[in-house]
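I'd like to ask you about the structure that follows.
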C-alpha cells in the first residue's frame, strides 16, 4: 500500500514538472514588466534596469529556470515582491481559508446533490426527476460571480439575513488561535462557540455559491450511476433474496454507485478550487485565489508560480486520496502493493 | 457600545502591499500606513472647507516631531528642534540621529522616495546634519520653495533608526526587508496586525506627543475589492467609512437620505486627461490634437462617466490667471473639429487605439466609449485597449500608446511642479505624450525659482497657455476626492496623498 | 410423473404487460402453471417468449414498467398478489428463491460473497452474528465449494463463473426455501461446469424436496433434469406435460419444431429443421388468438378461435386447435442410444 | 467512398431519419426540459444569426439623456450607464458569446478528439505523451490557467478562444481516448481489418464515427462551460474589449449597480447568459437521452 | 456450383504469386495442406504486483487443415480459441511458431500490414457475436460493399451487383440491405456477417462460435447455410464452438483445446464415441445424452474447482492436473505431448482412455 502510494506520487512527477514549465513560461510571457512595476511611478529607464538586475530578470530564460528549479528543490518558493513575504508563508496562511471554503462548499453540495441524485434515480422520469435536473442544471449554468453577487445582494443587503461579505470573520470578532487554520475547527478546539457561529455565518453565502455550481455534476453523476446500478443484475439478485428495500438501495446499490461519484468528486474539487478565484473576489475572501489574481496583475512571478504549483500538488494528493478511497469501496481497484 | 465608538471599521478596495513607503513597489495604501505609523518633522496646517470637512492647507506648515524650526538668515539652511518627549512605539526617544538616518534612507533606497526627495531639492546625504540629540539641520542646495513642503510629505517619515539598524545587513543596509512587514515608527497609530490582502488593524499609540491624541482607539481596515459590497456594507452600517467607489455611487449616496454622508473635495493639482502621443502620427500634428479637443463629448463624459463628481476642465474662456488646474477653452464643437481635421489633411479620418488602465475602468471605460463614439463622427476609428494594472506602468514607460485616458496628480500643489513632470521636455515618465517644447521648458524652469509673485503669475500663465493651445493632453476633469461615511463619523480631512487620516476622525 | 405432493406454486391465468415508449407489450397472457413439492418443472421456449417475465412476476421482482393485469399467483395456498404483494415480500428469499444466469454480474461485485449470504440470513432469520457467519460458511460448503472458510471473504471477481454460480445457489438456498426458480442457471458457463451445476441443483432439490422451476432454452438440458416441461411461445404456454411424453409425442406444432431444431440427438444437419419466422411483435394490437398461427405450417381457419390449454392425455395439456395425433408424432427418435 | 460513409449514404437516410425523428419526439415529449432546451437552442442560434436585424436599437449608441433607465416599453431591459439599450446589447452579444464558445469547443474538439483517438487506438509513446499533456493541463486550476494564458497573450477574442480551447482539451482527449479504447477491441473493428481496412481507415471510417455520439454530449456540455469561462474572464477584466457587447462584461459592469438598485443592468445579461448555459447543459443531457436512454441523467 | 462473376477470377489470376526464396527454402509439409500451424505460440504480458508475467494464451499448437476440410475446435472458455483464431486470421502477431498458408508463412507478415496484403481475401472470418461485429453506423449494404470494394477491388455498379448477389447467396432479402444492424434480427445479422466474409470467396473461413449468440431456431438455419456454402464454394472451415453437438454435426475433424494447448484431435465421430483424453471425456460426458450412450459416470466428470492459471504455467506439469479425475503422480512431472493413436487421432495424455475401434452406426 505504502509502496503503491509512493509509486503513484512518482508517477505524478512528470505532470508536476509540466506544470512548473508551463507556469514558468506563462509568467515570463506576461506582458507586464515587473521591473517597471517595482521601479515605481517615477522610475526612469536606469532605475528600471537596476531593479531588473536586482530581481535577476536580466538573465536568460533557461538560466532563470534553472535557478528557479534549484530554489524549489531547496524548498525555497521565492518571495512575493508585492508583500515581501516568502511565498510559502503566504500560501500557508491563505490556503486554509480557501480550503475551508472549498470543503464546506463541497460538503454542502454533496449533502444536497447525492440525496437528490438518488431520489431522482429511484423515480426516473417523474416530476421529481425533472425538478432535480432543472434545479441542478440551473445551478451549474449560473456564473459563480453572478450567483455570489446576487446572493449577497438579496441575503445581505435586502434581507439582512447573512452577515456582511467581509471575509472570514466580521471586524469585531477575533480569529481563533491557529491550529489547523480552519476557523470552524480552530474555534471549536478553542471552545469558542461565538467565533464558530461567526465564522460559519461568514462561510454560508460563499459556500452556497460554490455548492450551487457543483450541484449539477454531482447530482447528475449520482443519478446516472445509481440508475445504472439499479438496473444491474446483482440488484435483481438482492431483491429476489428478499432483502429489505433500504438494504438494497444503500448497501447494494448506493455503495456501487458511489464509485463514479468519487471520481467526479475529485474533478469537482479541482473545479471548485478554480472557481474559488471568482468567489473569493466577490466575498473579499482572503484565500489563495484572490492572492493569485493580485499577483498575476502585478506580474509577481513567484506567488503565481507558487500558487499554481501548490494547486497542482493539491490536485495530485487529492487524486491519490480518491484512489485510496476508491480502493476502500471497491476491492477490485485496491492499490496493489 | 463604547468599544464600537472607539473603533473605526474601514473598507477599501485593496490594502497596503507593504508597511514601508520607501520600499520597492509600495502601493498607495502603503502611503497611508506611513502617514499614520510614522511622524514627520512637520505637517501641513488644516482648514475647514465647510460641511464639517477639513482640508490640509498647503500654505501652512505646522510642527509634528519638530517643535519649531528656523530658516537661516541666508536662507540656505533650516534648523529643526525636536520634541524632547517624543517616543517611538518601542518607547525609545526620537533623536536627530533617527531623523538623519531616515532622510538618508529616503535618498538611499532609490526609486520613488529618492525621486520625491529630489522634487524638493533634497538630493545628497550631506544636506542632513545632526547638530545635537534634539537639533537637526537641513542644508539647501538652492533656494527651492518646495524644500520645506517636501519634508512634510509621507516619504519624509522618521524611522526608529536603532530598531531598524538591528535588522539591517550588509546587503540590506536600510533594513528594507524587515521594514516591509514591520514598522519602526512613532506615529499616532501602531500597526497591531497586518494580513496582506485581508486587513490591517491599527491601534492608538497612547504615548503620542506630536499632536492631540486621536479619539479612535482602534481602526480596522479591511480589503473589500467589490465596490458594490462596500456600498452595501456602508448602507447597512457594517462599516464606518469607505473610499474609491464609482462616482455614481457617491453621487447617489450624497442624494440619499439614509445614514450615509459623502464628503467630497476637489483633488488638488490633478486631472483626468486624454493624452495624445506627439511622437505618433497623426498626433504630431497640433491641428489634429485640437480637432480632437473639440470633438470630445465633454458634457456626456461629465454626466455619464463622472456623474458630476469632478470639476470640468473645459469650456473656459482662455488662460486668465495662474490658478491650477484650470479649464481649457475647448468645448464640444464637431464642426470646428471637422474643419481642423480638414486643415490637417485628415478629412477621411484614421484609425488609432485608445488605452486605459483597467484599474480605473469605472470612469475610464464609459469615457473612452463615449470618446470612441464621438470621434467616429470625424471618421476616426478608435479601438479601445484595456491594459491590466501590471502592464500599465510598463506601457506608460514605453510611451508607445497613441492615445490614453489617464489620471495624473502631484503632491506638491504648484503648477510648475505638475508641468515639470507632466509636460517638460526632460521627458519624465509622466510626460506620457512625449511632449517637447523648448519654450514651455524654459517657462517651467523659471517659474520654479521665481519669487516675485507677479512675474511668477506671468510665467505660469505662459506655460499653461502653450499647453492648452498645443493640447498634447486634453484636460477633461479635475477629480474629486470622495469619501462616504456614516453620519456619526466626523472630522474627515482631505490630504494631498488622498489617504485617510484617522487621527482627526471620531465617532459620535 | 404427475405431481407427487401438494401444489406449491400456482400461477393462474396470469397476464403481464409492459408500458414502453412504443406501445404496450403484452408479454404474458393467460399463463397457468402449477408446481408441486419436490417436482422439477422445465420452462422452455425461444428467447423473448416470456420465461423470465413469468419467473420475475412469480418472485415479485419485475421491472417497474411491468403490470400484472390479470390472474393470480398463489404459494402454498397464499395469495401472493394480495395486499400490494405483502405476502410476496414475506416469502421472497425465505420460501421462494431464485438464481440467475451470468452469475458473475448477478453478485454484488464489491461485497464479499460470505457477507452476501449473511445479508439474506440477517433478513430472514434471527441468528446472531457469529452464528450467521458460521451458517454462511456452511451454506458455501453445502454447494460444494472447496475451502469455504477462505472463500467466505472472497469477492466475486476472485471466483470463476462456476464458483459464482455456486455462491448464487448458496444465497438462494441459505434459508432452505421450498421453491427454487432457476432462470437459465448455466447459460454462459462451460459445458463441464454446466453439468456440475445442474447436478448440484438436482441433488439439492432432491435432498430437500424442493420444487424447482428450471428455465432454459436448451431442450437437452430440460429433458435431462425435469419431471415435467412447459413450452412457452410469445407469452403463452402452448404445451405442458411429463418430459418423456412430451418429447416422445409433442402435440403442439411449436414444440415439435423446437425439438426438431435442437441438435442434441440429431445425427446429421439435414435432420434439423428450422422454425420459420420470428416471434410476433407483442406490441401489436391484432395478435391472433394463437400467437404461433402466423408461423404455423398447418394454420387453418379454426386457429382464429379463442384458445386455452386443453388436456391431451393424462396431465399432458396443449393449447392448439389442431394438435398432433399421437400416431403422427415424429419418427425421429431423439435418444442417441445405439 | 460513398458507401463507406454513412453521412453520405442518402439511400438509407429516410429510415434512419424517421426513426431518429421518432426517438427525438419521444425524448422531447417525455422530458419537458429537453423540449425547452431545444427551443432555447433554436432561439439562440436565430439570435446569433439575425441579431443585428433583431436588435431594436443600436447596441453601441449611447443616449446620454436616458442613462440607467429601468425596463420600459421603449427599452424592455432598460438602459445602462451610457444609456445604451440593454436588450439590443444582449441580443448582439449572442453572436460573440456563441462564437467564442463554438470556436473554442471546435478547436479543442478537433485537436483533443484526434489526439485522443490516436492515443486510444495506437497506444504506445503517443498515448503516453498525450496523456501526460492532458494530465498536466488538468493539474492546473483550469480557470487560473485560462487567466494566465489570456493575461500572457493579451485579451483578444482569439486568445480567449485559445485559452478556453486549451483548458477544454483534456476532456475531449480523455473521452475520445476512452471511447476508442473501449471499441478498439470490438468485433466490428476486427471485422473491418479483415475486410482489408488499413489502420487509418479503421480509425477514421469505423471508430471515429462511432465515438461521435459521446463526444457530442461532451461538446454540448462544454459549450456552456466555455461561455461561463469567457464570462468569468470578463469579470476579472481579462475579457473582450469594450464597447463590444458580451454577456460576462455586461454582468460584471452591472454588478456595481446592483447595490444601488439598478438591478436590470446585471440581471438581464446574467439571465440570458444563464439561459444559454442552461440550454447547452440540458441539450447535452437530451443528447445523452437520445444516445443511451437508460443512462440518462 | 454457382457461377461467380468473372471479375473475381480475374482478380485472383492477376495476383502475383510473391514467392520469396526464404519461403521456398523453409517450405516443408505436404502440398495437401491448405493451412499448417507449427508450434504456434502467443503470450500476453500481464502486470501482476509490479512485475510482468506471461499469460500463455496459445502455447505451442500444431495442426493443419486440408482444402475443403471442416475442422472443429472445442475447448472451455478462456482456453485460447479466439486467440488462436486471431493468429490465423492475422489480426494478432504470434510470439513464436509458423502459420503456413498455402506454404507461405503468413506469420511473418505483421498484423498491421495484413489488411493490405494479397492473402487477406483468402482467409476470412465469421464472428461470434453478430451484433458486436457489425459497425452500428453502417447499413448491411455498406458493410458488405466495403468488403467487396477492398477485397475484390470492385467499384460502382459492379460492386453493387455483387453485394446483392452475395446477399442472395446467404438468403438475405434485398429489402433488408439498407437497414442498420439494430434494425435486423440476430439471424439476419449473422447472415450479413457471413456474406461479408464470403464475398472474396476465401479458401479458408474461420468461424468463431458463429451461432453462440443465436436462438436454437435460428441456429439451425445458419448451420445449414454454412453447410451448404462449404459444399458449394469449396471452402475449408475452422469452426470454433463450445457446443459439441454442433461440432459433431458439422465437422470432419475435431481439435480439443485445453489451456492453450491441443489435447486431443481426430475424426469427429471417433473422438465423440471414444474420447481418449480425460478432458474430452468430461466434455462429452457432460452433454445431455451423455457419453457414448449414456454411460457417463461421475468418474468421467472433472473434479475440483478451477482450472490452473494460464500465467506462466509449469511446462513439466499436465495442465489438467487438479481437475483430472485420474491425476497420477507422473502427471505432475512430465507435461504430456501430443502423440499419435492411429486412425488420424492424437492425444496429449500420459494415461489416455483406451480407444476402441469405432463402428459407425
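The chains carry the letters A, B, C, D and E, assigned in the order they are written, with residues numbered from 1 in each.
Note that in this section a residue touches a chain if its C-beta (ideal position, glycine included) is under 8 Å from a C-beta of that chain, and two chains touch if they have at least 3 such contacts.
Please read all numbers here as calculations on a predicted model, not as lab measurements.
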Check your understanding: What is the shortest path, in steps, from chain B to chain D when you may only step between chains that touch?
Key -> 1
Check your understanding: How many steps does it take, at the fewest, to get from chain B to chain C if each step moves to a chain that touches the one before?
Key -> 2
Check your understanding: Once you find the CA centre of chain C and the CA centre of chain D, what distance in Å lies between them?
Key -> 51
Point to revise | Distance between the centres, which are taken as Cα means, of chain E and chain A, whole angstrom | key: 55
**Study point:** Gap in Å, rounded to a whole number, between the CA centres of chain D and chain A
**Key:** 24
Review point. What is the distance, in whole Å, between the centres of chain A and chain B, each centre taken as the mean of its C-alpha atoms?
Key: 39
Review point. Which chain D residues reach two or more other chains?
Key: 30, 151, 255, 258-259
Check your understanding: Which positions in chain B touch two or more other chains at once?
Key -> 226, 228-229, 232, 235, 388
Check your understanding: Which of the residues in chain A end up touching chain B in this complex?
Key -> 30-34, 36-45, 47-48, 50-51, 54, 81-85, 90, 93-94, 149, 152-153, 156-157, 160, 164-167, 170-172, 281-284, 286, 290-291, 294, 296-299
**Study point:** Residues of chain A that touch chain C when the two form their complex
**Key:** 232-234, 236-244, 247, 251-252, 255-256, 329-332
Check your understanding: If you look only at chain E, which of its residues touch chain D in the complex?
Key -> 86, 89, 91, 112, 114-116, 120-121, 124-125, 127-129, 132-139, 141-142, 145-147, 149-151, 178-180, 183, 193, 196-197
Revision key, fill the gap. Interface with chain A, chain D side, in the complex: residues 30-33, 132-133, 135-136, 138-145, 147-149, 151-154, 224, 228, 231-232, 235-236, 248, 251-252, 255, 258-259, 263, 266, 270, 273-278, 281-282, 285, 294-297
Study note, to complete from the structure: The chain A residues in contact with chain D across the complex are 12, 14-16, 18-19, 22-23, 26-27, 29-31, 124-125, 130, 133-134, 137-138, 140-146, 149-150, 153, 157, 216, 220-221, 223-224, 227-228, 231, 270-271, 273-275, 277-278, 281, 289, 292-293, 296, 304, 307-308, 311-312, 315-316
